[in-house]
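Chain IDs A, B, C, D, E and F follow the sequence of writing; residue 1 opens each chain.
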Amino acid sequence: MRILVVNPNTTTSMTGTIAAAARAAAGPESDIIAVTSKMGPVSIEGYYDEALAVPGLLKEIAQGERSGANVAVIACFDDTGLDAARAMAAIPVVGICEAALAMAALVAQRISVVTTMERALVPIEALVRRYGMAERTRVRAADIPVLALEDPTSGAEERLSAEIARAIAEDRAEAIVLGCAGMANLAVNYRQRFKLPVIEGVGAAVKQAEALVALGLSTSKRGAYASPVAKAYAGALQDFAPIGRGDS
Amino acid sequence: MRILVVNPNTTTSMTGTIAAAARAAAGPESDIIAVTSKMGPVSIEGYYDEALAVPGLLKEIAQGERSGANVAVIACFDDTGLDAARAMAAIPVVGICEAALAMAALVAQRISVVTTMERALVPIEALVRRYGMAERTRVRAADIPVLALEDPTSGAEERLSAEIARAIAEDRAEAIVLGCAGMANLAVNYRQRFKLPVIEGVGAAVKQAEALVALGLSTSKRGAYASPVAKAYAGALQDFAPIGRGDS
Amino acid sequence: MRILVVNPNTTTSMTGTIAAAARAAAGPESDIIAVTSKMGPVSIEGYYDEALAVPGLLKEIAQGERSGANVAVIACFDDTGLDAARAMAAIPVVGICEAALAMAALVAQRISVVTTMERALVPIEALVRRYGMAERTRVRAADIPVLALEDPTSGAEERLSAEIARAIAEDRAEAIVLGCAGMANLAVNYRQRFKLPVIEGVGAAVKQAEALVALGLSTSKRGAYASPVAKAYAGALQDFAPIGRGDS
Amino acid sequence: MRILVVNPNTTTSMTGTIAAAARAAAGPESDIIAVTSKMGPVSIEGYYDEALAVPGLLKEIAQGERSGANVAVIACFDDTGLDAARAMAAIPVVGICEAALAMAALVAQRISVVTTMERALVPIEALVRRYGMAERTRVRAADIPVLALEDPTSGAEERLSAEIARAIAEDRAEAIVLGCAGMANLAVNYRQRFKLPVIEGVGAAVKQAEALVALGLSTSKRGAYASPVAKAYAGALQDFAPIGRGDS
Amino acid sequence: MRILVVNPNTTTSMTGTIAAAARAAAGPESDIIAVTSKMGPVSIEGYYDEALAVPGLLKEIAQGERSGANVAVIACFDDTGLDAARAMAAIPVVGICEAALAMAALVAQRISVVTTMERALVPIEALVRRYGMAERTRVRAADIPVLALEDPTSGAEERLSAEIARAIAEDRAEAIVLGCAGMANLAVNYRQRFKLPVIEGVGAAVKQAEALVALGLSTSKRGAYASPVAKAYAGALQDFAPIGRGDS
Amino acid sequence: MRILVVNPNTTTSMTGTIAAAARAAAGPESDIIAVTSKMGPVSIEGYYDEALAVPGLLKEIAQGERSGANVAVIACFDDTGLDAARAMAAIPVVGICEAALAMAALVAQRISVVTTMERALVPIEALVRRYGMAERTRVRAADIPVLALEDPTSGAEERLSAEIARAIAEDRAEAIVLGCAGMANLAVNYRQRFKLPVIEGVGAAVKQAEALVALGLSTSKRGAYASPVAKAYAGALQDFAPIGRGDS
């Protein structure tokens, strides 16, 4: 099975971290195709970056689908563009935030998400609510710029681990979710150090993607995710105009 | 005061409807500047169109702000790109869905939103929840393509009015909110016909925009709407790269 | 347009503060008629005062409506008697708590309300929930008797400003709402001092009142706000007996 | 133990119905003192009547407390003036809506409340939410004026029983709560007829009142229900001015 | 009236504490039959103990019902086996957590539950949510093993009282609920010491049980609590096989 | 990897259906060990059966864990005994209701669960709420006894498929979840017939189980799922007494 993993920011080194985590989680019959968006921000920090990352992301998913991918993973913890991707694609699409929370829900009652910047708190809290986890999840920021995670000298790892320690002490956290794709390489280390489940979303999403394909499930085309209606698009985005699948 | 009203789809005739509603609502000291997005879908029907409408919308708001607008209104009932626009702009930004619901909340306890296509139901229900109105609001679709509202021979108006009648009979609706910017010209007529408040979002948003400016309020730059961090953007969207305001 | 602003406590000096804030916010075509209740408590601090303030408030609104007011504002942050006033009057009625929260929702995601006494916390929290803002709003008390706000030597302003500072530090507040009509004169000062939106309800309600009148909206007479049925009232309140409008 | 049962409307015949239900439920050591408000509406139908019934109700409770009542019951399904009464009195106060829902919760998972007029739906739904029962309770109106319950020729009983039948068929109701004090005499009959628990609030409140007294519990004077602060009241309501208990 | 009070753990001394609290609360016509489960854990601390306590509990209730009990009380704050008992029995069944919360709701707006071990927090929070009290209740653990409550030298009482003090200081608690049947003897003492309502569940449940019997109410056999269908049970639990009542 | 799949009722033929679905979903490296409880009801229909099925279920999981299982699946849609099993076992445990809902959430916004008997509705609605899916899920019963699913002549399949058709027509369902382990063989057929995702829980749970093992995740032993404290158990269940792991 071909699993497309899209890094929706344009930083190739982060795609490396993501691809490694995806491959570590993937089953023997899965082929991970990790791609980097070619259009949009170098990192996604807040609503503005997120919105502008969507066209590049959709382009990668559309192309991946045409090239035979069976399922797509969006490797940004904001689950950037997830709804648009689900409406667009015939293959199923998984976000790393929803996948990480779904896995965490199976091993713990109270969960703390530790993310990067303070401005990410409200958007992630909205996702937590959307995914039905608000009553048992707290979101925290370690005050780290996203790309600092790519720089071993930035001190990011220490700040992150101090924030995890606070989550355990103050939130009654039973499990930790790492709230950024760029943290995908840190889960195993923190799990051993803090002696509780630490979940990162890329591996979690790869397993959910495999599950969907194995069970023959894809996005429903009734209702919210009906295929886009064929229509004209203007300007720089005119190539995104949907041609219509007529499913609903 | 200069109020920028952006139609985030690229259909100029709908901008006409919107501009008329905006002007009808505007106070004597308000100057309505109605613009049409130049980039993206001709109509916004579902998540995919919505995501691809955002860059064009943001461009219009950025340009309007540079040209001296004091406040911006996003004239699509999905409140397309609202969070990104708020983060980007220094001037306040108002969505027509949030404005219509806020006005409806002042005159009724139970509200029915009547929108166009079935695929719009889930996204609007999510907005209703976000704006804290879920306990008292029901969303209905009249099964009308958005652009049919621009065509007097389409029968759209009859379907819409039949759906309003159903909302009153079945939902205990005390007020009706029209769930599409393209319906902005119909509120007065329906109000007289059905003898209850009928609210359309464009006029509502213009009044909220005037209120914000009059009170000297703009988007908080602490937390969720902190100005975008300066960074590089790649590809066709590279001109959207934020230069940084350093507010937070 | 004639906007009736009722101070539902009987303290005339507070009506002065309220009237000044109302006039500062009002548009050029609005005429502010500020009145003081003649019946009930000198200040509203808790459920008991609130209940006993309602008859006097309703009397002022009824009289204001007869004298040609187009809309009424209730200038107490408990939104005292709002539902009864809406049922009674044909003109629309706006509460300052609901108006302040509605404005705050347009400029911030996380909001802290700072009010006077601890006993006001639960009633205001109930309003915050009713208005759909509970997920993003925290209510705090600065431990100030209401009338201390009228006394410059009381130290009230310092306590209030210390509480705002705590809200910013501890609640991730992006905007502050001042939770008492008697604080209406302080918003501009705090906004400059704390560099974030500070909203007081009187001005906010005046703008919502203007919006309703401009849009031709009034309270729905279907359902919850149907006009009172004609019936006899006994005792000291017999003059309040409704004569019936027969609207529903 | 002396249990004060206040009918907050001024219709003596309804007090008779209420007193009979209270006595039928009371234990051997309870003395039911049923009183009729002397000030306000002959029936409570909607927000306006409700607000104007409060002063008369508070007067009866204050007087009952002075005369040695150990606990008070407010016999109107809107739980009219409950919070004000709790703040005012040292003795505990029970509303019939809250008591009926509390009893229903002990014998059924899904509950339907059947009340009188449509305008009562929203206020009762708000109480249902406040008491934490919204997820499992539906409120219905049988379209009966309150005083029709006092008139055996009005057909009210038949409409009510038809509405109960619909609740069982359409709501999966496991228990029925009668949503008006004037229905207190009908519970036993409906219970036998429909073979499921039918709860009326007056008897339920009497049992809760007895429970509070037996357990030595009264309203907490910390926080929301702190005794009213001593202060002047003006006009026709000046005798209501609190003298202050100094409890908080 | 015969009130069966079941201690679902097998520790007889705790049954003594429970029986004393039940008798102290019972009315003059109530006969308290306190029994100890003969099957299962010596104390209930967490989900595992709770699940294994249920068969022994059900056996006692079934036997009590056959011996003429009119109502049953489950004297464990987890409301262990409450739903199964309600489905099984024709007599009504009351849990001490639900009863304590119902009583607390009548005397306070904000409530803190103080329980024993940290592992009890999540289960009790789930009950608080189920009973509709989540918005106004906080649950705290004093870090006491259940049976330490039976040992006067354990220091349990001091830890408990320190936790109550923290609840008052930090939670704005207006009333305290003691979150373990083994604390039933402590309520009066803490009430005097902390000057606010302190509710223990055994007495509260006895009063609710009396109320149900007095009002002629029992568990609805429609829907969720329909009597078990007759069927075979295998193994050590085969005697639990229901014979069927055919009520639904 | 060894995946223990426990049928918590004692009907071996249903274990056959369950095992087949588990094997159809399992990856090439998974070994499905399907076992039938030896203690408790032949089918689980309502709260009473559910409670009495738990000891037999826990016994199978404990034994499976000792025999080297890496993860356990509980194959009853009530997620019978899930919390107790998680507290007891060191290996992770997955319920089929939670797994089915988690998969459905990845492919649809609005979901209808179709289960067997009406008495199952409230318990499943409680699970739906617990798993955070209440806002987008409706639960329906097709009025089928559980074991009728094992009998091809019972007409169960027709009733089920009629109920699915109603769910699609009336609930705006975008995906269907089959609400009983005994329906595990029907998903593929219904998916083809109704052209939308149809999810059954056994396969879904097997994939979640594989995911947990692959990612090295197991139940957190902090907080709610801390290992049972060592203590004595009395009577027929004495062998269930925990010996203590000392993890928390």
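Rule of thumb we're sticking to: a contact is a pair of C-beta atoms (placed from the backbone, for glycine too) under 8 Å apart; a residue touches a chain by one contact, two chains touch by 3 or more.
Everything numeric in this text was worked out from a predicted model, so none of it was measured.
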Show which chains lie in contact with chain B and also with chain F.
-> A, D
Joint neighbours (chain C and chain E) are A, D
Furthest chain, CA centroid comparison against chain F | C
Going by C-alpha centroids, which chain is farthest from chain D? Tell me that one.
-> A
Could the interface between the copies chain B and chain C be described as same, meaning over half of its residue numbers are common to both, or is it different?
-> same
Would you mind pulling out the distance in Å between where the CA atoms of chain D average out and where those of chain F do?
-> 44
Go ahead and note the Å separation of the Cα centroids belonging to chain A and chain F.
-> 28
Calculate how many whole Å lie between the centre of chain A and the centre of chain D, each centre taken as the average of the chain's C-alpha atoms.
-> 52
List, in ascending order, every residue of chain B touching at least 2 other chains.
-> 109-110, 118, 121-122, 134-135, 172, 223-225
Can you name every pair of chains that touch?
-> A-B, A-C, A-E, A-F, B-C, B-D, B-F, C-D, C-E, D-E, D-F, E-F
Complex contacts: residues of chain D adjacent to chain E = 25, 27-29, 92, 94, 98, 102-103, 105-110, 131-135, 168, 172-175, 188, 191, 196-197, 199, 203-204, 207-208, 210-212, 214-225
Mind pulling up the chain E residues that touch chain A in the complex?
-> 118, 121-122, 129, 134
Which chain F residues qualify as touching chain B in the complex?
-> 109-110, 135, 172
The chain D residues in contact with chain C across the complex are 10, 37-43, 45-52, 54-56, 58, 81, 83-84, 86-88, 118-119, 121-123, 126, 130, 145, 223-226, 228-229, 231-237, 240-242, 248
